[in-house]
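First chain written, first letter: the chains are A, B, C and D, and each begins at residue 1.
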Amino acid sequence: MIPRRDLPVRVAARAELSPTCFRLTLSTPEVIDAAPGQFGMLACGGTFDPLLRRAFSLAGVVRRGGLSEVELLIKEVGRGTTQLRHIAVGAELRLLAPLGKGFTLEAGDRPLALVAGGIGLPPVLFAAEVLAARGAAFDLFVGAVSRPELLEVERCGRAAASVGGELVLATDDGSRGEGGFVTDAVERRLEAGQSYARALTCGPNPMLAAMAKVGRRRGVEVELSLEEAMACGVGVCLGCVVELSDGRVVPSCKEGPVFTAERLAARWWS
Amino acid sequence: MSVGTATRVGALPLANPIMAASGTFGYGLDLVEFCPPERLGAVVTKGLSPRPRLGNPTPRIVETAAGMINAIGLQNIGVEAFCCDALPVLRERGAVVAVNVFGERMEEYLEVMERCEREDGIAAYELNVSCPNVTAGGMEFGHEPVQLERLTRMCRAATRRPVWVKLSPNAPDLVATARAAVAGGADALTLINTLRAMAIDAAARRPVLARGCGGLSGPAIKPIALRMVWEVHTALPGVPLVGIGGVETGRDAVEFLLAGASAVQVGTAIFRDPGAPLRVLSELEHFCAEHGVAEVSSLIGGLQWP
Amino acid sequence: MSVGTATRVGALPLANPIMAASGTFGYGLDLVEFCPPERLGAVVTKGLSPRPRLGNPTPRIVETAAGMINAIGLQNIGVEAFCCDALPVLRERGAVVAVNVFGERMEEYLEVMERCEREDGIAAYELNVSCPNVTAGGMEFGHEPVQLERLTRMCRAATRRPVWVKLSPNAPDLVATARAAVAGGADALTLINTLRAMAIDAAARRPVLARGCGGLSGPAIKPIALRMVWEVHTALPGVPLVGIGGVETGRDAVEFLLAGASAVQVGTAIFRDPGAPLRVLSELEHFCAEHGVAEVSSLIGGLQWP
Amino acid sequence: MIPRRDLPVRVAARAELSPTCFRLTLSTPEVIDAAPGQFGMLACGGTFDPLLRRAFSLAGVVRRGGLSEVELLIKEVGRGTTQLRHIAVGAELRLLAPLGKGFTLEAGDRPLALVAGGIGLPPVLFAAEVLAARGAAFDLFVGAVSRPELLEVERCGRAAASVGGELVLATDDGSRGEGGFVTDAVERRLEAGQSYARALTCGPNPMLAAMAKVGRRRGVEVELSLEEAMACGVGVCLGCVVELSDGRVVPSCKEGPVFTAERLAARWWS
């Protein structure tokens, strides 16, 4: 496993994915060996505005023509992401990566359930493509508030299909795929007798909590990728802490961002 | 041109004047590949209390214009774990370690120090009497000169090692508290800690931080920190100072040295760049070489008043 | 959705809560094409003294991270010239004018007010007892509660118009000075003025400003200003406050209103955008419309403490 | 005269002129009517870093294809100018212009002396090209520390030649043109009996003072374009003041930046 580094990266491409989301492709000569669920801290520019780096899950890392290409899927929500949305292709940034602990991909003989809500897709998509490459079975559940906010649908479909898995789309408003929450879609499958080795989940907190409860009810282990506000991303500021079921309070950037639901304090799953 | 970086904080000689600040560099070992602690003048630990503390609820941090507000609440592993787990490694690496000491009551400061006294490889104590993020302890000692002098005297009596007092920029009278710390026997003063501040979520109509208020740090506060260092330096010319507040570059370090600091700490900058303290050091050497400064220490207090 | 912007500062009704701050908008007439004074809740004049002042030598300003330090030294045309040249035009345009009053001695505050009392079209006085950039007057009144109460009482007795006292963030005890001003009869408190700060030219080994120190303003200080407004609002709930410090956007204005301000002043932002106060006002209205706030005044003090 | 406005401008072109200087061409549909010596306050970007606008003399304003093109010649000296040097063509900025009072171009029958030192060239070049267009006579004196820092030499030559004027280059190190200070070159002409209606000067303060003294000795009126640190550029912050010979202290952004030497306090010319 190649260690974290503060990588000088070039903006190789920028692509709009939805009214609010875009894809950033960052390239560097360095070899990056990252696991799905790990993230990077991106310095949006050299200036003091914004001051802090921004945390983004790695959505994919590919080696191409002597370069590593890191993919980020980003939702524009504030100062930093707005600057990134307008950044010039060719701009030089710094990415501190890979950071944190990712998903558990080992699954034995049962398939995995990959569950993404909204901009929680990046680490889940990364997992899907890695599993597809390994030929490991999974179903992929992708939810969003409504049709236009469903990202990278084709890629998701391709990854799932390549291992005979299902791509289940869900929108809160029913404008595409199954109506209602994506976690309900998962539960319906479990109800129908489908069995999963583990559910790997990323999305807004209410959705993570919902997924944890489903897992509890149905006896499926659930891993959650959390999003706490982070200053350093490397465990020294203690800004991003989460409380564990054993009462310990740990930095999610270092012990996480991925945790099994039971490891987290009860409010997450009970 | 080769530049001499040696400096001293009171009686304590340092290979160079750049330190990693308390609370921004863990216990000195989290970022070794970016910033080996032994290459710095010193590393200051996260504030240590007699027993582990869990700190405040989240959100604990929020970014502001060229700054950030934190309300960590002194979460730390406790002095025992530090002495058993981190200190031996730091000692092994040859790092110069300053222990940032915190207590809710005066006795707790002593507890921390007494435990540390049993260990080698601690170069100094930095008394944190200026944390704005705890309900008990912290600022209450830092704002009241009489209290501060008492606490400092007690701590001073408990060790042979240098005792630094970290001053609060929120104190009613900065120079009075500085005097009190010196009267109590402080070997040096570290300034500044964070400024009490608040961020508001307009849509939610609540403070962003779970605790409401917190402490402001980063480049935004540098002009205030420089003014305070200079103010204390002119009021108490002989007293060794450790300057801190918004240092991001070697030039910033030079400014603090000129204002009267014998050494400089780098804090929030580490969150932007895990190698910040080392970068600041090399930029400092580069500045000196460019400007014909043979000894970094010759900059200390060198500011010419208009 | 249409939003009601009316507010009041004590007994003084304002069409909207956004004012141009003292010292950043001249005498209200320099930027009419970008920001017609009559469209604002009020305009606050540059600090006026009985006689014209030339101010400090240059450099008087320096930029810092998300802020700037100024040491203008209250250069102004004097109250007489203001009343003869600027005031008639402001009156003619129907602008609501607050006169920022400065004196080196207490009597000078009265001199300025007495001259203004002979004029119509002045809505309020804002006593500047917090300017960090003058040798006499300014902060000395603002830092000493007993002095401040005396000065406020004298000024209060000299007019029927509202008297606001502009507080210094550098005062040893903010709430004590606020209490003193209120005890002296202040109708409202404006906070904050600039924070004492310094910038250093590392290469020249001198302060950048000719005067050495100055006052820090701009976005960098907003988190401190918000905290201070909230602190005074909770300590003196009934007292009308005018919030100021780093306001750049309508959201910033909302934050100050939530923290307890009845109106908000825009200062340094005007240097970045000559139309800033009007922009802030329209952004404020937009925010309210978006968030279903029918009356801007309903935001005042609406912050929910965690 | 069209009034000052806060113009939204597009970066139409960026060109390197020397190791430290570059030309920025800003375009806007608005019609701009500016006089040589006037300046603009440029917002280097939408962020708080840098916080304040930067003051730049207008080096030229041309109307082309329904657009006004404003030229700035900029020396990289710090935060803002470094950002401008790397700004993307096509970027949108704001320029508050035209501001201040410019040079007096009316000259009767005698030629004008246009005198520029270093990055003081922009307003002088603007004056030269305006005078050239009017067919009014002038000699153009351009100084720099050394050869590579002489900017826009061809344009200067063309402008001067078009009205039969002389382009005099001077470098402190003598690496091109006459050796020594450009103000000495002017004085040598005056000594040799050349007579000028007025000298329009911009450059570093020592050079401005030197030129004022030359004018005093030789009885030539001298106009100086000053560079005081500015926050607002429109007379409200009082940061940029200069002391006048009558003791008044006035904002140079409004009363200036161009002043006749005698109007300024004695230290400028005695």
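Keep in mind that, in the parts below, a contact is a pair of C-beta atoms (placed from the backbone, for glycine too) under 8 Å apart; a residue touches a chain by one contact, two chains touch by 3 or more.
Because the structure is predicted, anything quoted here is derived from the model rather than measured.
K.L.:
Tell me the fewest steps from chain A to chain C, where a step is a jump to a chain it touches.
P.N.:
Graph distance in the chain contact network comes out at 1.
K.L.:
Report the inter-centroid distance (CA atoms only) between chain B and chain C in whole Å.
P.N.:
34
K.L.:
Suppose each chain is reduced to the average of its Cα coordinates; what separation in Å results between chain B and chain D?
P.N.:
Measuring from centre to centre gives 47 Å for this pair.
K.L.:
As a quick test, compute the distance in whole Å between the mean CA positions of chain A and chain D.
P.N.:
Between these chains, centre-to-centre, one finds 54 Å.
K.L.:
Two-or-more-chain contact residues of chain A, please, as numbers and ranges.
P.N.:
Only 48-49 qualify.
K.L.:
Among the residues of chain C, which ones contact at least 2 other chains?
P.N.:
65-67, 218-219
K.L.:
Taking the touch definition from the header, please name the shape of the chain graph: line, ring, star, complete or other.
P.N.:
Chain contacts: complete, every pair touches.
K.L.:
Mind pulling up the chain A residues that touch chain D in the complex?
P.N.:
Within the complex, chain A contacts chain D at residues 47-49, 83, 88.
K.L.:
Quick check on the complex: what are the chain C residues that touch chain A?
P.N.:
65-66
K.L.:
Could you pull out which chain D residues touch chain B in their complex?
P.N.:
These residues of chain D touch chain B: 48-49.
K.L.:
Contact residues on chain B for chain A in the complex?
P.N.:
So the residues of chain B in touch with chain A come to 23-26, 30-31, 33-34, 46, 54-55, 58-63, 65-68, 70, 72, 75, 218-219, 248, 268, 270-275.
K.L.:
Using the touch definition from the top, list the residues of chain B that touch chain C in their complex.
P.N.:
By the definition above, chain B touches chain C via 64-67, 69, 172-173, 195-200, 202-203, 205-207, 209-213, 216, 218-224, 226-227, 230, 246, 251, 254-255, 258-259, 287, 291, 302-306.
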